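There are two complexes below, and they share chain A, which is joined by chain B in the first and by chain C in the second.
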Partner chain A sequence: MSVEAREARQPWILLSPALSAVGLLLFVPLGFILVYSFWLRTASGADQVGFYLDNWRAALSDPFYRDILLNTLKIAAITTGICALMGYPAAYFIARARGNKAILLLLLMLPFWISYIIRTMSWINILGVSGALNSAMLWLGIVDTPVQMLYNEPSVILGLVHFLLPFMILNVFVSLEGIDTNLEAAANSLGATRWQSFVQVTLPLSLPGLAAGGLLCFVLGAGTYITPMVLGGPSNAMFANLVYEAIITQLNWPLGSALSLMLLAVLGALVLIYNRYLGMAQLMKGLG
Partner chain B sequence: MGGGLGWQLVRGWAMLVYAFMFLPVAVVVLLSFNASEFGAFPMSGFSLRWFVELANNEAILRAFRTSIILGLLTAAISTTLGVLASLALVRYRVPAANMISTLLIAPILVPEVVLAVALLLFLNFLNINKSFTLLLMGHVIFTLPFVILVVQARLVSIRRDVEEAAMSLGANPVQTFFQVTLPLMLPAVLAGALFAFTISFDDITGTLFWKPGGVETVPTQIFAMLRNSISPEINALGTVMILLTVGLPLLGLALARQLSKKRGG
Partner chain C sequence: MSSVKLTNIVKRFGTFTAVHRTSLEIPEGAFVTLLGPSGCGKTTTLRMIAGLLDPSEGEIGIGGKRMNDVPIHKRNLGLVFQNYALFPHKTVAENVAFGLKYRDVSKADIARRVNDALDLVQLPQVGDRYPKALSGGQQQRIALARAIVIEPDVLLLDEPLSALDANLREDMRVELKRIQDRIGVTTVFVTHDQSEALAMSDQIVVMSDGRVEQVGPPEEVYNTPASEFVANFLGASNILSARCTERTGDSVVLEVPLFGRLAIPVAKAPNLTREGPAKLVLRAEKLHVAPRGRPADGVVSIDATIETVDYQGQAVRYFLRVGDTQLQAINMIDERPFAEGAEIALHVRPQDCAALPEG
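On to the complex of A and B.
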C-alpha cells in the first residue's frame, strides 16, 4: 500500500471506535424504536409484530398526552425566560468584572459539579413544611401553621431554574467575552450613553450566546422527568414522565417508543431550527 | 468599569444569583450536621451521627462502590474512544469533518430520556437485559461527546512541529505518539477522563432506565430514599457527594497548576 493511501486511512481507523459506538448505541437504537412504535403490546404482555398505528394515534390525538405536551413546553419556556432574566446580568457582571474573575468563573462552574439530584432535593430543605422558609416565617410570626410550598408547578419551575441557570450564564458569558470592549468605548466616545451603547452594541452582539443558552435550557428542561418527580405533585407530570410511566411502570414499550419519538421530534425540530439560523459552533463553544 | 448606579445594580443582581445557586446547597451541608432526629429546622445541635450511620449503611456503601466502578470504567472507555476520535479530527484532513463532529456530538443533542429508552429497548431486543453492561454502555455513549469536546479544544493548542521534530530525528509514528504526543496531551486526556467520571457519577436520568433491580448508584439511592422522606442521612450523603464531586476536580485543577508551574509554563 502506498504511503498516501495509509495516510488517508489512518484518521478512519482512529475514528472508527467512536463512530461505531455512536452508530450502534444511538442511531441504530433510534431506528429500532421507530419500528418498535408500530408494534402492539397485547393484553398478554407479548409484543405483536406488525404495522399498527394505534400507538401513534393515541400519542397524537389523545387530549391527555396533548395537554401534558403543551404544559411541558410552557414550563420549559417559563424556565428559559427566568434563566435569561436571572442569568444575563450575572454573566455580564462576570465578563466585565475587574480583579478576581477566575474566582467568579470557578463559582460559576461549581454548580455543574454538584449532583443534579442533590441540587433538586435541596429545595425540600428550603420549601418543605419543616424547611428553612417555614421555620423563618413561624419564628417571625408571619404564619401560625407551616405552609406547603412544594409539589406544585412553581416549585417544579424553581427546581428547573436552579438546575439550568449555570448553562445560561456560561453561554452568555462566553459570547460576552468574545466582544471587543473597544466597540462599547467607541460608541460611548461617539456620544452614546452607557445604557444606549449596551442596548445597541453589546446586547445584539451577545444574542447568539443568549440563544445558545436558551436552547440548552429549553431542551434540557423539557426533557426532564426527575424534577417533577421530586418537586412536583401528581398533577405536575411532564412529557418525559409519561415516557417513564409507559416504559418502566406499564411496560408498554411500543407506546413508550412512540412517546419518546414524539418528544425527540418536538425538541429535535427546535435544535434544527437553531442550527439553521445560528449553527452549532456557538453551542459547542459553551459546552467545551 | 466605574462604579455607576447601573453597574452597582448589575453587581447586586449577580450576588443574588450566586446566593440563589449556593444557599440551598449550603443548607444541605448545614442540616447534615443536625443532631435532631428529623432532617429539618430548628437544628438541635451539632453532630456527626448521620455520617456514622452512613458509614454503617450497607446499601449506601454498595451504591458508592457501584458508582465508583461504573464511573472509572466509563471514564476509561469513553476517554480512549474520545481521544482517538479527537486526534483524527484535529490532526488529519478528514472529509466531511463537520458532519462527523456533529454525529459524534449527537448523543447530547438527543434528549437523554429518548436515548435511554432507545438503548434499553434495542439491547433488550438483542437479549441484553438491564444489567451493569447496559449501564456501562449507556454511560459511555452520553459521556463521549463531552470528552470529545474537551479533548479537541485542548488538542488544538499542541503544536504539530514538536512531533515533526521527533519524526525527523528518527522516531516512528508509534514512538512519537507515546513519547511526545501523549505526554503533551496528558492534561487534555485527564480533563476528559475527569469530566466523564463526574458526569457518570452524577447521572440519574438514564441510569433509572438502565439499572437492574436491586442495583443502585448513589444518585438513584438518594432518589429512592427521597420516596420516604427527607432525612438527615440524605443530607449527610449529599454532603459527602458534594465533597467528592467538587473536591476532586478542584484537586485536579490545583494539581494541573502545579504541573504547569514545574514545567515553567
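On to the complex of A and C.
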C-alpha cells in the first residue's frame, strides 16, 4: 500500500470506534424510531406494521401539538436568556478570580454529583406549600395562609435555569479564559474605561462561548420533560412530555415516535439557522 | 511627552517583594531600558508606571504630576506588549483608531492619523486586514502604531521584540529606534536582552531581584559595571579575586594571583574606595589570544592553554586554562582561529580592566 493510501486511511481507523458507537447507539435507534412512526396503533392495542401517515398527519395538523411546541420553544428561550444574564457575570468572576479558580469550578460542578431529578424535586421542599419559604413567611407573619408558588410556568423556568446555568457558565468561562488579559490592558491604556473595554473587546471576543452556551441551554431546555413534570402544572406540559405521555402512558409507540422526530427536526432546524445567521463559524474565524 | 519620576516605590505581592525601594528619574524624551533577567522586577515596574499595578509604597509621577490615583485610561500612555495584544476581532485600521475614539478627534482626522501611523511603521497597505493575517513582525508594528497614534506622554514597551525571530528582531530594533527618534517620545523599554539594551538606550537601568543594580548610559554600564551581577549579565566577563594594595590619585593597584600587579585607572574602579579584598573584572573581548613572545609595552601577558574553541564566524570564543582557572576570551578573527590545545599567550591592558569591591 502506498504511503498516501496509508495516510488517507489513518483518520478513519482512529475515528472508527467513535463512529461505530455513534452509529450503533444513535443512528440505528433513530432508524427504528423513523420506521415506528409510520406504523399504526390499532384499537386492540397492537401495532399494525405498514406505511401509514396517520401519526404524522395528527402531529402536524393538531393545534394542540402546535401550541405546546410553541410554548416549549418560548420557555426554552426565556430560560436561555435568564441563563445568559445570570451566567455571564458568574463566568466572568470565575475567569478573573485570582488563585482559587479550581475551587470555584469544583463548586460549579458540585450539583452534577446529585441526580437532576433530585435537584429538581428539591424545589418542592423550598417553594412548596409546606416548604421552607412558606414556613418562614408564615412564621414572620408576612402571609396568613401558605402561598402556592409551584406548578406554574415561572417555577418550570426556575427549575430549568437551576439545571442549565452551569452549562452556560462553563461555556462562557472557557471562552473568557481564552482571551488574553493584555487585550483589556491595551484597551485601557488607549483610553477606554473598564466598562468600555469590556464592551469593545471582552464581550465580542466571548460571544462564541455565549452562543455555544445559549445553544446548549436552549436545546437541553426544549428537550426536557422532567422539570415540567415535577415543577409544572397540567397546563405547563412541554413537548417532550407529550412524547413521554404517548410512549410510556398510552403505549402508543408510533405516535410517540412521530412526535419525537418532529421535536428533533424543529430543534435541528433551529441549530442550523442559528449556525447560519448568528454565524458562530464567522465569529470563530476572527479568532483564528 | 513627559518625564517619569519614581520615588521610593515598593511593590509587594503578599509576602513577596517584587520591587524593593526604588527611585528613578527618566528625563523627557529619553529612551530608558529596564534590563534584567526574568523575575527581576522590570515588568512589574513598567506595569506600575502604566497603572496596571498599584505600588505598595511610593509615588509615581509623570510630567511632574502625581499619578498614583490616576486610572490607566486617563494616563495617556502608549503600551506595547510582547504578544502584541492586537484586538483580533477588529481590522488593523480599527485597532490603530481605537485610542482616537476616546479622544476628541473628528472622523476625518482619525482616518488621516491612522494612515500616518501606518506609514510611520511602513505598513500603509494593511488597514483592511485582520491582525491574524499579518506576520509577527507586522503585528508588532501595528501594535506600535496603535500606541503612538494617540501621541502618548510616555511610550511603554514590554519586551516588544522577544516574540520575534532573531533576524527580524534586529531589524525591528533599528526600526523602533528610528521611530522613537523621529517622534521623540519618552520611552521606557523592558527587556532581558543585553544587546537590545546596549543598542537602543540612552540610559540602562540594570535590575536584579527587585533592586536596581546600576543606572547609566550603555558604555558606562558596559565598561564599568557597578557590581558582579552587572559584569556577568552584560557580555561575558571573567571575574577574579584580587586584593587592592594601593590607591593613588589616578590609579588603583590590584594584586591578582594570575596576573601579578595591575594598575587600573581610578575611573574603572569608582566603587573601590578601600584597600583589601576586591574583584577584578576582565571582559572576554579585552583578553587577546596571541602567539607566545614578547608582548608590546603596557600589555600584561600570561601563558595559557586553549581548551575549547567556539567558532562564530567573524569572532571566536576561546575557553582557556591558566593553572586551575578557566577564562574566556572573545576575539575578532581574520582567518583561522587558534587550535584547541594550543599553547598561547594571553594579553590584557590594565586600562581595559575594571575592579569592584569584594562582596
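Here, the second predicted complex is superposed on the first by the 249 of 288 C-alpha atoms of A that agree within 3 Å, B and C clash if a C-alpha of one lies under 4 Å from a C-alpha of the other, contacts with A are read in each partner's own complex, and residues count from 1 in each chain.
The rule is short, and it goes like this: a contact is a pair of C-beta atoms (placed from the backbone, for glycine too) under 8 Å apart; a residue touches a chain by one contact, two chains touch by 3 or more.
The shown structure was predicted, so the numbers you read here are calculated from the model rather than taken from an experiment.
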item	value
Residues of chain A touched, compared between chain B and chain C (which is higher)	B
Partner chain(s) touched by A:30 [first = chain B, second = chain C, both, neither]	first
Partner chain(s) touched by A:154 [first = chain B, second = chain C, both, neither]	neither
Touched partner set for A:189, first chain B, second chain C, both or neither	second
Intersection of chain A interface sets (partners chain B, chain C)	194, 287-288
In the complex with chain B, residue positions of chain A that touch it	7, 10-12, 14-15, 17-19, 21-22, 25-30, 32-33, 36, 86-87, 89-90, 92-94, 96-98, 107, 110-111, 113-119, 121-126, 128, 130-132, 134-135, 162, 165-166, 169, 194-195, 219, 222-226, 229-230, 240, 243-244, 247-248, 253, 256-257, 260-261, 263-264, 267-268, 271, 280, 284, 287-288
Footprint of chain A on chain C - complex, ascending	50-52, 71-79, 81, 83, 85, 87-89, 98-99, 101-103, 130, 132, 143, 146-147, 150, 156
Contact set on chain A toward chain C in their complex	180, 182-183, 185-194, 196-197, 200-201, 204-205, 286-288
Chain A contact footprint on chain B (complex, rising order)	1, 4, 6, 9-11, 13-14, 17-18, 20-25, 27-28, 31, 38-42, 80-82, 84-85, 87-89, 91-94, 100, 102-115, 117-123, 125, 137-138, 140-141, 144, 146, 148-150, 152-153, 198, 201-202, 204-205, 208-209, 218-219, 222-223, 226, 230, 234-235, 238, 241-242, 245-246, 249
